[in-house]
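Handing you a structure now.
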Amino acid sequence: MRLRDFGVTPGDLPTGTQNSITDVPGVRVGHVTLIEGEGPLVVGQGPVRTGVTAIVPHAGNLYREKVSAAVSTFNGFGKATGFEQIRERGVIETPIVLTNTLNIWRAADAVASYMLRANPDIGITTGTLSPVVGECNDGFLNDLQGRHVGAEHVWQAIETASGDPVAEGCVGAGTGTACYQFKGGIGSASRRIPAHDFTVGALVQTNMGSRAELRVLGAPIGQQLESELLPQPGAGSLMIVLATDAPLSSRQLARLARRAWLGVGRTGATGHDMSGDFAIAFSTARRTPHVPSADLDQRIVLHENRPIIDQLFQAVVEAVEEAILNALTAATTMTGRDGNTLHALPHDVLARWLRQYGLTE
Amino acid sequence: MRLRDFGVTPGDLPTGTQNSITDVPGVRVGHVTLIEGEGPLVVGQGPVRTGVTAIVPHAGNLYREKVSAAVSTFNGFGKATGFEQIRERGVIETPIVLTNTLNIWRAADAVASYMLRANPDIGITTGTLSPVVGECNDGFLNDLQGRHVGAEHVWQAIETASGDPVAEGCVGAGTGTACYQFKGGIGSASRRIPAHDFTVGALVQTNMGSRAELRVLGAPIGQQLESELLPQPGAGSLMIVLATDAPLSSRQLARLARRAWLGVGRTGATGHDMSGDFAIAFSTARRTPHVPSADLDQRIVLHENRPIIDQLFQAVVEAVEEAILNALTAATTMTGRDGNTLHALPHDVLARWLRQYGLTE
Amino acid sequence: MRLRDFGVTPGDLPTGTQNSITDVPGVRVGHVTLIEGEGPLVVGQGPVRTGVTAIVPHAGNLYREKVSAAVSTFNGFGKATGFEQIRERGVIETPIVLTNTLNIWRAADAVASYMLRANPDIGITTGTLSPVVGECNDGFLNDLQGRHVGAEHVWQAIETASGDPVAEGCVGAGTGTACYQFKGGIGSASRRIPAHDFTVGALVQTNMGSRAELRVLGAPIGQQLESELLPQPGAGSLMIVLATDAPLSSRQLARLARRAWLGVGRTGATGHDMSGDFAIAFSTARRTPHVPSADLDQRIVLHENRPIIDQLFQAVVEAVEEAILNALTAATTMTGRDGNTLHALPHDVLARWLRQYGLTE
Amino acid sequence: MRLRDFGVTPGDLPTGTQNSITDVPGVRVGHVTLIEGEGPLVVGQGPVRTGVTAIVPHAGNLYREKVSAAVSTFNGFGKATGFEQIRERGVIETPIVLTNTLNIWRAADAVASYMLRANPDIGITTGTLSPVVGECNDGFLNDLQGRHVGAEHVWQAIETASGDPVAEGCVGAGTGTACYQFKGGIGSASRRIPAHDFTVGALVQTNMGSRAELRVLGAPIGQQLESELLPQPGAGSLMIVLATDAPLSSRQLARLARRAWLGVGRTGATGHDMSGDFAIAFSTARRTPHVPSADLDQRIVLHENRPIIDQLFQAVVEAVEEAILNALTAATTMTGRDGNTLHALPHDVLARWLRQYGLTE
């Protein structure tokens, strides 16, 4: 189930064909979902409720053809890798990988290994590389310390990435994560700017928020369900990946990435202390060769002080809001280690309150 | 009229006595409202629809006893002064003044003059000073180029500042400004953290947003009123001032300031290209002497990784959301230069839609 | 006297024709020097030892054709205006003006007035504007509180700006400022990158440092002169302006701006607490129209991961080092308010120690 | 050999007993040096010329008692981990580890494993953790792709860390790295502020710079040796770790960290494009409990606007300058993969030129 199946539509802009980050031409997403065992936690054995999600900006050699990129850190309480280099050079040169918190360094190492295969000159006759990996803490359900995501899972997520609609909810890096203390996970959405047929896509790995904060299109639905057992005491994090085919510079992409927080605000979050909230934005239309053949080159640029830039900002806000809500509606109840359970947002309750708030008939 | 007069309550935390930034003990606010003339614009003569709002952190000599402070720039398309020094030294040493865009430097100069009176040693036997002034563009109604705010108006706003509930709507720096293409202006709200009886107050000078974006407690009320004549083509800005008596460091205040954007997001904004959106946060409980008497000192600090910090974050989000909506409900229709008119959000329409969306009975 | 007149040459790269920021084609500099009165300080009357320096990036309408730009704040203890907007939009749209600390807001207001003359639509039918003004505290010699720089001085500095070699030492904004507790002021230098005939120019307004720190091409000459009476107790600041005709993005210009601090380091500074140290960099080769005629456009870009970028970095370091030393060698002893005196670095002593340290024959 | 053995003394402040970062009470450093094989590169086998260096801020449980910290990124072209969280929370909660570029993620994972042993509740009943790891590219000598640093080497470096004078040159993370195209590696130095008996220590892992840039106490010694065969085409990076026992906040530590670049500037670097240059600063005197027992606490703070802060800044600049030069003088010629050789700076040549430049007798 996606949010739109409930008859509500966040925002005004049209979506891409799939209402998914993969609507941005060339962008592919792959998931590896790891679910194994149940019962009491035995560190190193399980239960396992985790996974990896890879966002691949284009089908070429990303190291040889880097994409323009930027980041926005709303709450730096997280371990995301590669941000310093994105800020300095304005590009991403690997797939973007999402996983669980304690697996982030092994996943980054696996991304490095993956890139070395296609670029065996790295560190020998050319420079080094900077994997971009983000994470959420799925330790309420998952044997986090076990670090069950292996290099082969990272590679598989990259290699099986496709342009199909992104699977949502309890898949990939969202297998074990929450969303406003309900079960959440992976969500995606997209918006189209008709003027130039630009697309903006968002993919989120949700884990943040407390139940009372949740707003669905403004309706304070979380408050209606507060009385039910709260499953998870601690706050989680939020990783946001934004893709576009508009030819934006890294400075402009940073402006887009910052708008993500307005979309998050619409869903009610207050930015908990221990929630690592990060947004990564890239443009497939701006590529930088690893080894440029000349000092000077030409590029298409998009001017600000024109309506197009505000439409791109609006697209980000709407796509992020909807992606978060899609993660919520797609997720199903999941029980993990020690019998810990994250309950799905009950669909009938959601439908009832959307009606009650006049958002549907 | 304030938002609560419509029977709705944003968020969960209790407010301070006045639901105003002046609930933070010692914080005072003063307005000078300049309304003069009508008809066609004659630069330098009017019509005048502008003013100045001063937020005074405490009653002492602010230069001698600086308050801890931080800033968050969401959209740097604005002229706010003093931010570099706040980031470096983590303090504010003057009242915070808000006014119109082209008056910002004269207002900063007037703040300097004001401070020199009480601190005649500045620039002679001691250091210099750094006024903090923000602005919105009220040029749709106001003779902006005329720069009608004089030093005496700035001084008067500071000198008449009081701890009373903040006047809202078309007053002070909000006299000529908009809010989601309705008439807006100054708004304020506060939240209390019962645990330690800490207060967080917000004051906003609104000018941002397009009508279709406006959400009142989530209800997309702006969309219902889109068909009416849009009065203002360009986007405006948003200045947010946050005060607290919790003993926060400048790093922690920066965390609070960033949460303001989640509150803004709740009201629907998408962060327009030409909207200068800034938040300034200060703590009255952390003071730094201009001339310390010793190298080392003691201070009370507030620990993170405890619920108190999340309550402070929540207080910011809720107070900012409500302050923006208060600016909107308090404002009245205003006609300015060339007959340009900013219409108030019709109260009956607001009430009707709040009912329709199930937010009131 | 310039540093090279002593027979020493900082760095390896060739200079432009004039070894001045005005070697960057189209860049012009104007000074207004205000020296009046002597004896005891009477606030508002004098003595006056101050001025204004304007750096004009090109001869066209800067508001209509903005130049790509970036800033680097090393020590934010200063009042520079316009930085937030440069970071957000990556452009400068006015001349860059330098003056004394307490005059900065009046100077910014004067820049606004100047721009309004050529762009009478600002704030009426188009957006607002963001003057870029920097400052140093010349209050040891100058009646700082008197704010003797008027709007007409700012306009005159802009209007008389020329492409001639920049006057150095006790002129313009450097009239009353220091340099390592000697008399300093304005200095400039340039470097050329032969490959593409790119030029990098630096202009500095010095006021920073203590005598013991001064290094001239590494020789600790300041230490040799420490025993002489130290004229100025407090630390000052440092404003650096960098210009280039290489087609750099704002992100790349930020990289250049940061390199300025390596050049400063070569002259011995340790970055005093109360020294506001800022660098502003712009490229005359990247222009952004205020009102673009289309969403998309083409631009020449310069690739990184090629030697050209390192040459540009080297040019910045060398030009900044030499500009600071030029400010020092060009300045002459100046007595100001209350008989306070800033002594010039004695040329014979400098020559002697350069010889002693094997830097000259 | 250390720089002082040549009879020269950078700066004015006294050093700690050992002129080493371990002069800061409680700070310990451990190295593991990996040298194995010679001849042609066989990826995965060697030759190995690498290692790991651990800086341990105090002897307690760092996760339970975090130290105040800050970072300064001069050139973000590097893979350092943990920076986002340091900026957000102002603390470091693990040892700081340095290693080679492609080993950084495995080293971070190893640090996590190390911390989990002493804190088995991480990710189960308490939060997560954020290792701080930096790197330089030693691939000119070392089989970088082989990633020969294993978890056991990281643990050994931490466990064998001692308060003895830091071994310098070709040890630990500096085993295979360069310095101005000579052999470099690890260097350290310290300065003491007599007033309060505060110590500032620096440890560097050098790899940056081209030969022509090198300045030893200002003397352009690199230029004298340029004609010799240049061994390494690409530029490397620079990791700087600063420790102090002065009770500084994270904001103040960020100010210290930025001053490191002035010390770097004194040695001649121009900040190459592909040089990842980062500084990390921490204070052993400011500890934050992982689980605070109360919301409010008391802390000693150090006031700015007093000479003490400038002395701390000076200490940073001097210690960084000397640490870099110590890395250079301590290193010995090293041959690695494919017979690639990094030559030590010839001591006799250095001594000769120091004399020639009047720096020694």
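General observations
All chains are identified by letter, namely A, B, C and D, in their written order; residue positions are counted from 1 within each chain.
What we mean here is this: a contact is a pair of C-beta atoms (placed from the backbone, for glycine too) under 8 Å apart; a residue touches a chain by one contact, two chains touch by 3 or more.
Note that this is a predicted model, so its numbers are computed, not measured.
Ranking every chain by how far its Cα centroid lies from the centroid of chain C, the top place goes to A. When the interfaces B-C and A-C are ranked by C-beta pairs in contact, the top one is B-C. Taking each chain's centre as the mean of its C-alpha atoms, chain B lies 34 Å from chain C.
Chain centres here are Cα averages; for chain A and chain B they lie 33 Å apart. A straight line joining the Cα centres of chain A and chain C is 44 Å long. Residues of chain D in contact with two or more other chains: 75, 88-89, 127, 255, 274, 304-305.
Across the complex, chain D meets chain A through its residues 41, 43, 73, 75-89, 101-102, 105-106, 108-109, 112, 116, 120, 122-124, 127-128, 130-131, 137, 139, 144-145, 147, 234, 274, 276, 278. Those residues of chain C lying in contact with chain A across their complex are 88-90, 127, 195-196, 247, 249-251, 255, 288-292, 294-306, 308.
Per the touch definition, chain D reaches chain C in the complex via residues 12, 74-75, 212, 215, 217-220, 235, 255, 258-259, 261-266, 268-274, 304-305, 309-310, 313-314, 316-317, 356-359.
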